[in-house]
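Note that chain A is present in both complexes that follow, paired respectively with chain B and with chain C.
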Partner chain A sequence: MDGSLGLIARLPALQVDWGTLVSVNLPTLLFVVLGVPLALVGYILGTDVLVRRLPKRSQPSVRPWVWVGPAILFVGLILVYPMVGTIVRSFFDRHGDKFVGLDNFRLMLTDNGVLIALRNNVYWLVLYTGLVLTFGLLLAFLADRVRYEKTVKTLIFMPMAISFVAMAVIWQFVYYYRPSDVPQTGTLNGILVNIFHGQPITWIQDTRFNNFALILIGVWGATGFAMVILSAALKGIPAELLEAARVDGANELTIFRRVILPLMMPTIVVVGTTMVIFALKAFDVVYVMTAGNYNTDILARRMYAELYSAGNNANASALAVILLLAVVPVLIFNLRQFRAVEERR
Partner chain B sequence: MSVATAAPPAAPPVRTATKRLRWSERISAGVSSAGLNVAVVALTLAWIVPTLGLLINSFRQGGAFNTSGWWTALAPPFNFTLDSYRAVLGASDLAPSFFNSFMITIPATLIPTAIAAFAAYAFAWMKFWGRNWIFLALVGLLAVPLQLTFIPLLTLAVKLGLNSGNTLPGGLNAGFLAVWIAHTGYGLPFAIYLLANFFRVLPTDLFESAEIDGAGPVTVFFRLVLPLSVPALASLIIFQFLWVWNDLLVALIYVGGTPEVAPLTVTLTNLVGSLGQHREYLTAAAFVSMIVPLIVFFTLQRYFVRGILAGSVKG
Partner chain C sequence: MRRLTRLLAAMAIVVLGVTACGTSNQASGKIGGTVHILGTWTGGEKDSFDAVMKPFTDQTGIKISFEATRDLDAILQTKIAAGNPPDVTGAPGIGTLIKLARAGKLPTLDDKLDVSALNANYGADWINLGKIDGKLYTLYAWASLKGLVWYDPKAFTAKGYQVPKTWDALITLQDKIKADGGKPWCVALESQASSGWPGSDWVKEIVLSQSGSTVYDSWWQGKTKWTSSEIKQAWTTWGKVLGTGDANVYGGAQYMVATTFGDGGQGLFTSPPKCYMFNQGSFITSFFDGYTPKPTAGTDYAVFALPDVNPANAGAHVVSGDAFVMTKDTPQSRALLKYLATAEAQDIWVKRGGGKIAINKQVSLSDYPDAISKSLAQVVVDTKIARYDAGDLMPSDMGKAYWGAVLKFVQNQGQLDAILADLDKTQVAAYAAP
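On to the complex of A and B.
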C-alpha cells in the first residue's frame, strides 16, 4: 500500500514458460528429492564400513565423530565461522583492509536512524514478548474451559503456517486508510468510522500508532505458538492440586496467581526467552510493511539496508555485533536454564 | 480431568448443605460460563477476521475492494468470482516461484533433518570427548541472529561461485545449493536439540538387548531409533518445512530477486511493492502462497504440536 519497497516493481504480466519448467526443473527436483536422501544414507553406511575396518579398540573413539561430523561441519561453516568473521569485520573500514577500532560502532550509535531502530527494538522486545505471553496465557486458560477448545486452538495457531509476507498482505487490508469522504476499505478504519463515527487513522504512517500496529502483526502470528506450549503446561498441573485449593476456599483468581502461575513459570520462561530472541531478530514484518519508513525501522532491517542499499559491510557488521550483544544475556540465561534442567535429570 | 476424581459419599446433613451451595454455584457458573464463551468466541473471531477479510477480498470482482470494504460483500448480491486466482495462476511469476519454493524447501528440510538425526544419535547414545560441551555450544547457537552470518557467507558463496547466476553441472542453479546449505546450518541447532532430547528418553534396555544380539550402531539407528522417533521426526520435518517455505530473509540474501530461483515469498514481496493497478492479484497471490503450508499444517497439526512440546515442556 505504501509502494515504498526498494525492490524492482514487476507487474504480474509475464507469461509462464511451462516448457522449461517441466523439461529442466522437474527432473532436477526429482533428482534432488531422491538423490539427497540416498547420499545421506550412503554416507552413514559407507563410513560405517570404513570404521569397521579399523582395529576393534579404536572403533568406539572414532565412530561418534562420523555421526556428529557433518553437523559440526555445517554449523561451523554456516554459524561459527561467519560469526567470528563479522565480529572481526566490525573493527575494519568498509573495504575490510584498515583497522578502525570502534569507529563503526561510534558512527552507527550516533546515527539518528539507528537510534530510532534501537528504540523500536526495545518496543518490540517489551510489547511483543509481553503481549504474546499475555494472550497466550489468556487463551490457554480460557480455551481449557470450553468444549470447542480444539477448534479455538487450531484457529489461533493457524497464523504459524502463514509467512510474514502473506501476513503483511493480510494486515494491509486491516490497516488500510482512505480519506474520510469515501467509504473505508480497511477493517480497522471501517470499524472506527462506521461503528464509532470517528475519523480514519493512517495506522501505518502515523508515528503515534505505526510501531504498535506492526508489533500487533507479530503478536498475532506468534500467540498460537505460545498458547499451545502454555496450554500443555497448564494441563500438566495435577487436578487434585486445584481441587484442594478450591476446597480451601480460594477463588479462581487466587488459584491462578498462587498455584497455576508458579507451577507454569518454567514454561513461561522458555516461551518468553524464545519470544525475546524472535523480537530481536524481527525483520520481515517491517521490511514488507514499511521498509523501515515512518520511524518504524528496526536493527535487522537497517542492517539489511546497510548491506544491500548502501553496500557498507563495516556498518552492517557493527549493527550485527550490536544485535549479538543484545542476545548474549538471553543466551547465557538459556544456557543456565538448560544446565539446571540437565542436572535435574 | 476433574470429573474423574471420585468423591467420597458425604453424610446426609452435609449433603443438603453442599446441594444448596451447588445450586447457587450453578447460577454463578452459568453466568460466568456465558461470559467465558463470549470471551473465547470474541478472541477467536478477532484472530480470524484479518484472514477472513483477505479471503473474501480475493473472491471479489476485480477492483471492488478498492472502493468498498470486504464486509459489504457479505450482503447480497453475492458477486464472487475466481478471476484473481485465474489471473495469478495463469500469467505471473507465481507459478515458477511455486516450483522454486518446493525446490528450496524439500532438500532444505531433508538435509538438516538427516544430519541432525545422526548427530542427535551420537549425542544421546555415544560417549566421546567434549560431548556435553559441544551440545551446549549448539544450544547456545540457537540464539545467534542469522544476520550476523550473512556478510562472510555471501563473500564465501561468491568466491565459490555459489551465486544464483551460475549453473552447476546437471543444470542445477547454484543459488539453490547456496540456500540449501545455509538453511541446513541455520536449522541444525534446533533440530539437534529437539531430536537429542527425544532420543535420550528412549528405553535403554532396548538398545542393550539389540547390542547383545550383535546389532551395530547403523542397524540400531535405522531399525530402532528412527521408527521409535517418528513423532519427533515428523514434527521437526513440519517445523523446518514451514520455516523454510515461509522464509523471506535467507532467500533474499542468497538468491536475491533473481526470478529463476526466487521462492513464493520473494515474488509475493515484489507484488506487494508493485501494487499499481493490479492489486487484485495480490489477494489471490497471498492465498496461493499459503496453500501448501496450510495443507501441511492442518493435516499434520497433531505431530507439529507434539514436536514443539518435546523440546519445551518436561513431562
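On to the complex of A and C.
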C-alpha cells in the first residue's frame, strides 16, 4: 500500500505554516475582519445621510444607485475590465504591442493539441451535463419516495463539499493500476480482475477510457447539487395535481412523463445550462489527474499552460475568448430561463 | 481631559518601551524580522529544511515563514507580477529563474554574498551554474546526481551478473537478463502534472554522454533542433534500452505510464525480482526508505553510474540542485543566502540523509550517513563535465513538451519522427519569448 500513501504525501496542495502566517499577518487579519464591515456600515449610513439631503422627489430614484454602486464598481473592476483587456490582448502579439488580427486564433485553432481539447470539451459538455441531469433527476425522484430521504440526500450531496483536487486523489485510488502479476489495489481493477477475470486497465492513461474516467469524477461531484435543486422543484408540484392524475387512471410512468416532467422543465433547463457552463470551465480534474497528457486536454487547462508555462498572453487570451464565446449563448439562455421560472412563482 | 492625556502618555511609554526592546535586540547582533521563503519541500524534506533553518533563527533572530507549492513556476510568477514576491525562493528548476533574471526581476548576488568565501568553498562549475549572462543570481546549496542505476547486489550475485563498466557491457547484460527469463529494467514515469520527466532524464544523460557538452548546451539553449541527428540518436539509443515494444521493461508501457516515479524501484526488491535495474537520481533513496519492508543501503541496494555511451566524454554527469535566488532584497534574505552557502548549513541536511550532497567543499565526506551517499558525494567530487539538468534549463513550456514527448514515445516508439517534429515546433515558439 506504499503507493497510495505516497500519493497522499505528494498532494499538489499548498502547505502553509499557519502559526507564522497568523503572527505575521495579524494586522491584515484584523483589518479585514473589523475594518471591512465597519467601512460597509459607514458607507450605507454615510450615503443615506447625503441622500436624505436631496429633494424628497428624487430620493427614490437615487437611493438604489447608491446601494448598487459598489457592486457595479467591483464587477466592473474585477470582471468587465479584465474581460475587455483579454479580448483586446487576443488580437495582439505575445508582447502585447503589435496588432496581429486573427493570427492568434488561427494558430490556436490549427494546433493539434487545441483540437483534441475542443473535442474533449464537447465530450464533457454532452456526457457531463447529460449524466448529471439524469442521475440528479433519478435520485431526486427516488429519494422523494423513501423514509430516509434526508440521509440519502446528505450522502449524495457530500462530494459537493470536497475540492476537485481532493476528489481527484480519491478517484486515483479507484482507478489505481498495478500489473496483472500482482494483486490489484485499485477498486475498478480489483473488480475487473477478481470478479470478471479480465486484464487490469490503466484507466487514466488508456486513451479508450480516460476521458470518460475523468468525466465520471466530475459527475460524481456535481450530481448532489443537481439532485438538491431538482428535488426542491419536485416538491413544489402540488399534490392535488398528482392525485387528480391518479384518479384519472394514469400510471406512475405517465404521471412522470406528462405531469411532473413538464412542470419541472424550467428548473431542469436552469440546472442543465449551469452544468454546461461547469463543463466548459472544467479544469482541476484534468490538471491534477493527467495534466492534459494522453489526449485528455481541455481548453481551460491549455489556457493555463499557455499563460503560466509558456508565458504567452496572446495564445492564452485567444483561448479565453473562444471559451467566452462558447459560454455567452448558454449564459443568456440560462438567464432568460431563470427569469421565466421566477415570473411563474 | 486630564485623564485622556495621562492615558495617551501611558500608551506612549508602552510604545517607546517596545521600540527600545527592538533596538536592544539589534545591539546584540540579531537582525530579527521575518524571511518569507517559497519552496517545494513538504513532508520529510520540509522537516529537514526546518532543521537546517533552526540554527539560523537561533543565531539571527530571523523568523522563517515558509510556503510550499508543487507548482512553483506559476505561483512565483504570479507573486512577482502582483508585486508581492517572497524574500527568497528555493527552486528545483531554474528555467523560470532565468526568465525572471533576464526580465530584471531578480537582484544579482555578486555584491550581496561573500564572493571570495564562495570561490574558496565552491567548485568553479557550481558558481558558474548560478550565473546568468555573466552575473551571479543563483546560489546552489545541495546537489543531486542523475543517471544512477540502482540494483540489488544479492540478485546480481545470485545470477552471476557483473556491474557493467561500458555501454556495450550494459547492453550485453540486458540481453543476458532477458535470456535468463528476467526483465532488465523498471521504469516509472507517472508524476501528476510533470509526468514523463524520469524518461527525459534518460535522454538527456545519453545526449551528454553520447554527443558531449557542446551539443548538450546548444540543445538546451534551443540552437540544436530535436530532429537533429544527435538528439534523435539519443532517443533511439534509449529505445534500444527499452527494447522493441518496451520488451526490456517490466510491465511494458502500461506499467511505465501508470506507476509513480517513486514506486518504480519496488520491483528490485521483490522475490524473484520483477526487474534488475532502475535508473533514477540520487534523491530516490528517500523513496526507498518508504518501501515495506524498508530496504537497507548497501545490502539490499547499491548503485552504479550509467556507463559512458561514448568514452570520449568520460566523467560527464547531469546534475541538478536546490537553487536559491533572492526574490526581494532585504537584510533578512541576504543573511539567509549567506547562511545557506556555509558548510554548517549544508552539513545538517547531508547528515539527515535523503540523497542530498553538499556543494560546499568544507563538508567532510565522513558526514554522509552511509556508504552509498558517500560514494555519490565522491562521484560529484570526481565529475569532470558537470551539466545542469537540461529539462530544467529549457523554458518551462519546452520542458513540459519534452516530458509529454516521453510519454508518447514509450507508448509507440515508431512515432519518434512525428514526436520530434512537434518538439521542434514548440522549440520555435518557446525560445522566441523574451
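General observations
Following the convention adopted for this analysis, the second predicted complex is superposed on the first by the 294 of 345 C-alpha atoms of A that agree within 3 Å, B and C clash if a C-alpha of one lies under 4 Å from a C-alpha of the other, contacts with A are read in each partner's own complex, and residues count from 1 in each chain.
Throughout what follows, contacts are C-beta pairs under 8 Å (C-beta built on N, C-alpha and C of every residue); 3 or more make two chains touch, one makes a residue touch a chain.
Since the structure is predicted, the reported quantities are computational estimates derived from the model, not experimental observations.
Judged by the touch definition given at the top, the superposed model places A:288 against both chain B and chain C. One of chain B and chain C touches more residues of chain A, and that partner is B.
When the two structures are aligned on the shared chain, A:139 is found in touch with chain B, with no touch to chain C.
When the shared chain is aligned, chain C comes close enough to touch A:94, but chain B does not. With the contact threshold set out at the top, residues 1, 3, 5-7, 9-10, 12-17, 21, 24, 287-288, 304 of chain A are in contact with chain B in one structure and with chain C in the other.
Chain C makes touch with chain A in their complex at residues 34, 42-43, 46, 63-71, 73-74, 77-78, 99, 192-196, 250-251, 254-255, 257-260, 262-263, 266, 274, 287, 290-292, 395-397, 400, 404, 407, 422, 429-430, 433-434.
Considering their complex, residues 1-3, 5-7, 9-10, 12-17, 20-21, 24, 94-95, 112, 177, 179, 181, 202, 204-206, 287-291, 293-294, 304-305, 308-312 of chain A touch chain C.
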